[in-house]
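Reviewing the structure listed below.
Chain nomenclature is as follows: A, B, C and D, assigned in order of appearance, with residue numbering initiated at 1 for each chain independently.
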Amino acid sequence: MRIHEYEAKKLFREFKIPIPRGGLATSPGEAHRVAEEIGLPVTIKAQVLVGGRGKAGGIKFAEDLGEVRELSCELLDMDIKGYKVESILVEEKLEIERELYLGVTIDGSRGCPIVMVSSEGGVEIEETARNCPEKIFSREVKPSQGLRAYQARKLAKKLGFKGKPMLQLAGVISSLYQVFKSYDALMAEINPLVMTRREDLIAADGVLEIDDSALFRHPELGIEAQDRIPDELEREARKIGVSYVNMDGDIGLICSGAGLGMATMDMIREKMKPANFLETGGGMTRELMAGALRVVLKKGNLKAVFINIYGGINPIHEGAKGIADVVREENVKIPIVAKALGNLQEETWETLQGVGIKVVKETQTARAIEQLFRTLEKGCG
Amino acid sequence: MRIHEYEAKKLFREFKIPIPRGGLATSPGEAHRVAEEIGLPVTIKAQVLVGGRGKAGGIKFAEDLGEVRELSCELLDMDIKGYKVESILVEEKLEIERELYLGVTIDGSRGCPIVMVSSEGGVEIEETARNCPEKIFSREVKPSQGLRAYQARKLAKKLGFKGKPMLQLAGVISSLYQVFKSYDALMAEINPLVMTRREDLIAADGVLEIDDSALFRHPELGIEAQDRIPDELEREARKIGVSYVNMDGDIGLICSGAGLGMATMDMIREKMKPANFLETGGGMTRELMAGALRVVLKKGNLKAVFINIYGGINPIHEGAKGIADVVREENVKIPIVAKALGNLQEETWETLQGVGIKVVKETQTARAIEQLFRTLEKGCG
Amino acid sequence: MSILVKADTKVVVHGITGRIGNRQTRLMLDYGTKISAGVTPGRGGEEVWGVPVYDSVSEVIEEHSIDASLVFVPAPFAKDTCFEAMEAGVKLIVLITEHVPVHDAMEIRAMANAEEAVVIGPTTPGIIYPGKMKIGIMPGNMFCPGNVGLISRSGTLTYEIAGNLCDMGIGQSTAVGMGADPVVCTSLTQLLHMFEEDEETHLVVIVGEVGGTEEEKAAQYIKREMKKPVVAYIAGQSVPPGKRMGHAGAIVERGMGSAQSKVRVLKEAGVKVAERPTEVSELVKSILRRGL
Amino acid sequence: MSILVKADTKVVVHGITGRIGNRQTRLMLDYGTKISAGVTPGRGGEEVWGVPVYDSVSEVIEEHSIDASLVFVPAPFAKDTCFEAMEAGVKLIVLITEHVPVHDAMEIRAMANAEEAVVIGPTTPGIIYPGKMKIGIMPGNMFCPGNVGLISRSGTLTYEIAGNLCDMGIGQSTAVGMGADPVVCTSLTQLLHMFEEDEETHLVVIVGEVGGTEEEKAAQYIKREMKKPVVAYIAGQSVPPGKRMGHAGAIVERGMGSAQSKVRVLKEAGVKVAERPTEVSELVKSILRRGL
């Protein structure tokens, strides 16, 4: 779960990473007040949970208070990559001498955190990673040990820093790792870390992506992951406890298991378009499946629903009852094709067939999808 | 540095260790208000930085509000082992079913924390340790790893606990270790940990001894070690940066090094009595030595001052200047005998002799002390 | 033979008194798994389907011999449970639990390396030695004994592919779910190596998916060292690139991680890559028919 | 021979640009110590008394060979400095710094054990190989070459006792300050063992003090394994029992820790215990005169 720039910066400051003076605003009037307080010129930045904001026009500079009002107004009216701008961060405009890149993330294949630094900070860092990987220095961190101060200094020296600025940069690197570790982050990033003309280092931007699975350890953040999902159906699904991704087709999908779900989607797309991706996880109950089907059906104009579930850890015979409940209660008319195999499959089939669901008993999902296609071609409900 | 019971309990509560309901009071009126709020009967406990308070009469029980006022008055007038009672803790009186002992401390010879539990909690625990050590269960903890939950459960089971009470006790043990680790403690202790008649575990008392050397890591505690020293001269010495222990004799003492200081004291005591123990540490400067001599002289009726210093890490030639400054400025009349050896000893001798200090140039402290004795027997200044 | 387990591997089930632990214990016993004991702190002394329950692993090993741990405990307790098992000397741990914090998974993996233990998971369906035993939650009826080694990042998709193989008369030597979390404790490459060394395995099937770089790393190993044929399927060909999570992930992966990248490097390493799950069993059959 | 160091042991000084580091470097150079380099982060490129200064140990070892680290950095940085030196492969560290947090000292000790490194200190005056070299802060003029091994928990008291020995014509093979903090990284027993193995050492002097149980542990070792004669002095006979710090310390020490207890167990182990510092050299002389 990604948190907002202003939230990330607050946590950075707790760990003594210098951030620009500034304040959050949700109206042009508030932005005006913040700008007055910190002095002009200012940077005004849309607070959205998505990258590439700068290129999308989400960052403005204002020289006077009139401009502050005007540009704030403009930003607060924007949508960036589907995210509505609900607040803006008004900050002192920095006098930039250099832009550095600092990032901590997890290297899945090595199973440990990795710290990365580059003297080529700014929006082109990914291009640098592709074209000049030698300009990015990184080091693995032993998870139980953390990043030690001398290791941070070594990274700072790799960027050619010496003397006090080297110590200051090493301090920021250490602090960023501390933030990453303390808040169970998947990613902590400062891009750019600005060196001002007076040789101060300031985190001009901040990204922090927290592991949803670890939020229980951080009640102090007061954040519920589900509140951070902008799509309404995705948010609703999250509350039930299933993973849902809204898509642009018309075949509703319910699968148990992400791999099976993706494979199913790959095959449906050979001829049709899925309306969603939905994965139940391993905690299936009657209520969960009923809720999942309700969420899927909320999207209008579905041509059909395809269900593909396995009874491993999941009690599919219980899940089937939830499906049947909804079909009955909501008097579902569109065709539903289901493949359900594994533990207690016979009981499951019976329940589904009891409410008119077309059950495919073969192992191959491909066959079940062919059945779905045939059903729709025939036009029978 | 030991902190007060009420401070320790506040930290315990942060880590979810149950503590009795209650509040701090510095007057009988406040005690009355707390007792009214939490309900009667109550326990009233003197807050002093020393053990053995119970036996010294520092813990009272009050059945009604009149008694609360009366006993609070009594406690706030008390001195316990030389500590003036400045505040009292008023708490609900617990219905005690059993008393357990929990402690975490450092085993110096093994170089690691050690967790100890016993089902024989209460004031007699030291006797239990001496006479029935088999009733105390302990385990070492790897400092980089901490106490793991299953290790805490194993200790809880050793006390014969089962089921939910075992899990609860293990939780308190884990939390106590967390407190110990998080606050750089030398010792964290709950004695007794009370099991009430309703099978709840509550920390009836709490002791937390924090490593003075690690206080810089805990600005959140808002504690200055020097403020916790009841003796005025000891407090003043601490501010200068030297270790001072007030004693009952009349020979002032300044030594560099604790071992040398103790050996010197051992030898002085063969015939006379030291007025203090003072150890300069390794940060000697002209100012530090001047301050040290001033503190020593503050104690009236000294017969003489004995100085025993080595020039290893310490620039004794600088220290000597500080001594000379004070002798001159304060026109010191009592005899001072000094032994000073090591790096730059000649320069040091010259400075000391320049203000009339008797310098002994031999290696043996015993000889210098003999000189001190002779000087006093002769009665010359 | 099989990898990781034997027919008589003795298992301790952590979280045996929970809803899932209880149910899966019954299913494993029915399938033939030797379950020596269960552990649930605070529930020592109970029994689940005749299996004795203890408060801790150390109490179990006083009474029983144990080869493997199967972990069903809730995610916040997964790390402590794995540490407890490893400290008690257990060398194979199957960590079924979903939603284990990634920082915990990294610590578990580091301790497993230090202790020379194998931890499968988290978020794995487990290990099955078809017809003999299983340590996990996969439905036994989808698998059958044979000579194909199966490694999967998904749970349910594995069942489907195993079922397809069985329908064509092709059994499995062992099937292992490696888990699909950002950090898993045993890599695809490590598992490939075990199958390469296993005499009973003639061919290995990889069921991969979009994300991470496990398949890319494995391709290097296959190219360099593997003699046995490998067939793969990568789920998520049609998955649109997810919401970008800042630059750091992209820098680490350097253009790898997409389904397309995985398919390309696996093909370059000589792996037969199926377009859809169904094709896996056909590719396997044609290779086995040619006779190795 | 000597323990821990040789005449040409090459030393890196951490915190060399500080007031104390600078001064002590001069004194060590004058005494004959080979100082290859200094380290102060952020001061790389400078020189102190002709010794080149680097930002890190890893830069030092690219240019110089290093046998030992001498640490003068402020207490908050002591742990990181020791870790850095050990990670770079340094196997002997002398940690002069006072007031190192005890929890840090425990971690340094644990890493030293894991890395098979020897850390002397914290709060030690260091190691001196009289007449040859010293890694530490002791005044060289108080020591002289010979065959007595000297181990001390105090700093300045060691100088006095060494000086007394020299006055009587008795030199030292090596003198080591083990530090007097609640946790030291190398125990009295470990140092006794080194002297027991050292051919040049004929007798060992222990300068102990009240508190802790190092002397009690050492007494067991002496009784069980040591063949060389041992003389001891324990400072603090007249120290009144300190303010009690709760029960936990008392439980750990179980009645040990007082000067009286230490004297008793050392005597039981056959150690000659001096009543006052002066007596040490007399006891040593009488034993050496008897010829061992």
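What we mean here is this: a contact is a pair of C-beta atoms (placed from the backbone, for glycine too) under 8 Å apart; a residue touches a chain by one contact, two chains touch by 3 or more.
The shown structure was predicted, so the numbers you read here are calculated from the model rather than taken from an experiment.
Q: Can you tell me how the remaining chains group up by touch if chain A is left out?
A: Leaving out chain A yields one piece.
Q: With centres defined by CA atoms only, which chain is the most remote from chain A?
A: D
Q: Please work out the Cα centroid separation of chain B and chain C, and write it as a whole number of Å.
A: Those two chain centres are 55 Å apart.
Q: Between chain A and chain B, what's the gap in Å when you average each chain's C-alpha atoms?
A: 52
Q: Distance-wise, how many Å sit between the C-alpha centres of chain A and chain C, to the nearest whole number?
A: 27
Q: Residues of chain B that contact two or more other chains, please.
A: Correct list: 144.
Q: Applying the document's contact rule, which stretches of chain A touch chain C when the two form their complex?
A: 2, 50-52, 101, 103-109, 111-114, 116, 125-126, 129-130, 133, 136, 142-144, 181, 184, 186-189, 191, 207, 209, 211-214, 216-217, 255-260, 262-263, 265-267, 269, 281-283, 309-313, 315, 341-343, 363-366
Q: Under the stated contact criterion, what part of chain D meets chain B in this complex?
A: Residues in contact with chain B: 20, 23-24, 27, 75-76, 96, 98-107, 109-111, 125, 137-139, 141-142, 152-160, 163-164, 166-167, 180, 182-185, 187, 207, 209-210, 212-214, 217, 233, 235-239, 243-252, 254-255, 276-278.
Q: Can you tell me which positions in chain C touch chain B when the two form their complex?
A: 41-45, 55-58, 77, 80-81, 83-84, 87
Q: Would you mind writing out the residues of chain B in touch with chain C in their complex?
A: Of all residues in chain B, those touching chain C are 148-150, 153-154, 157, 162-164, 166-167, 170.
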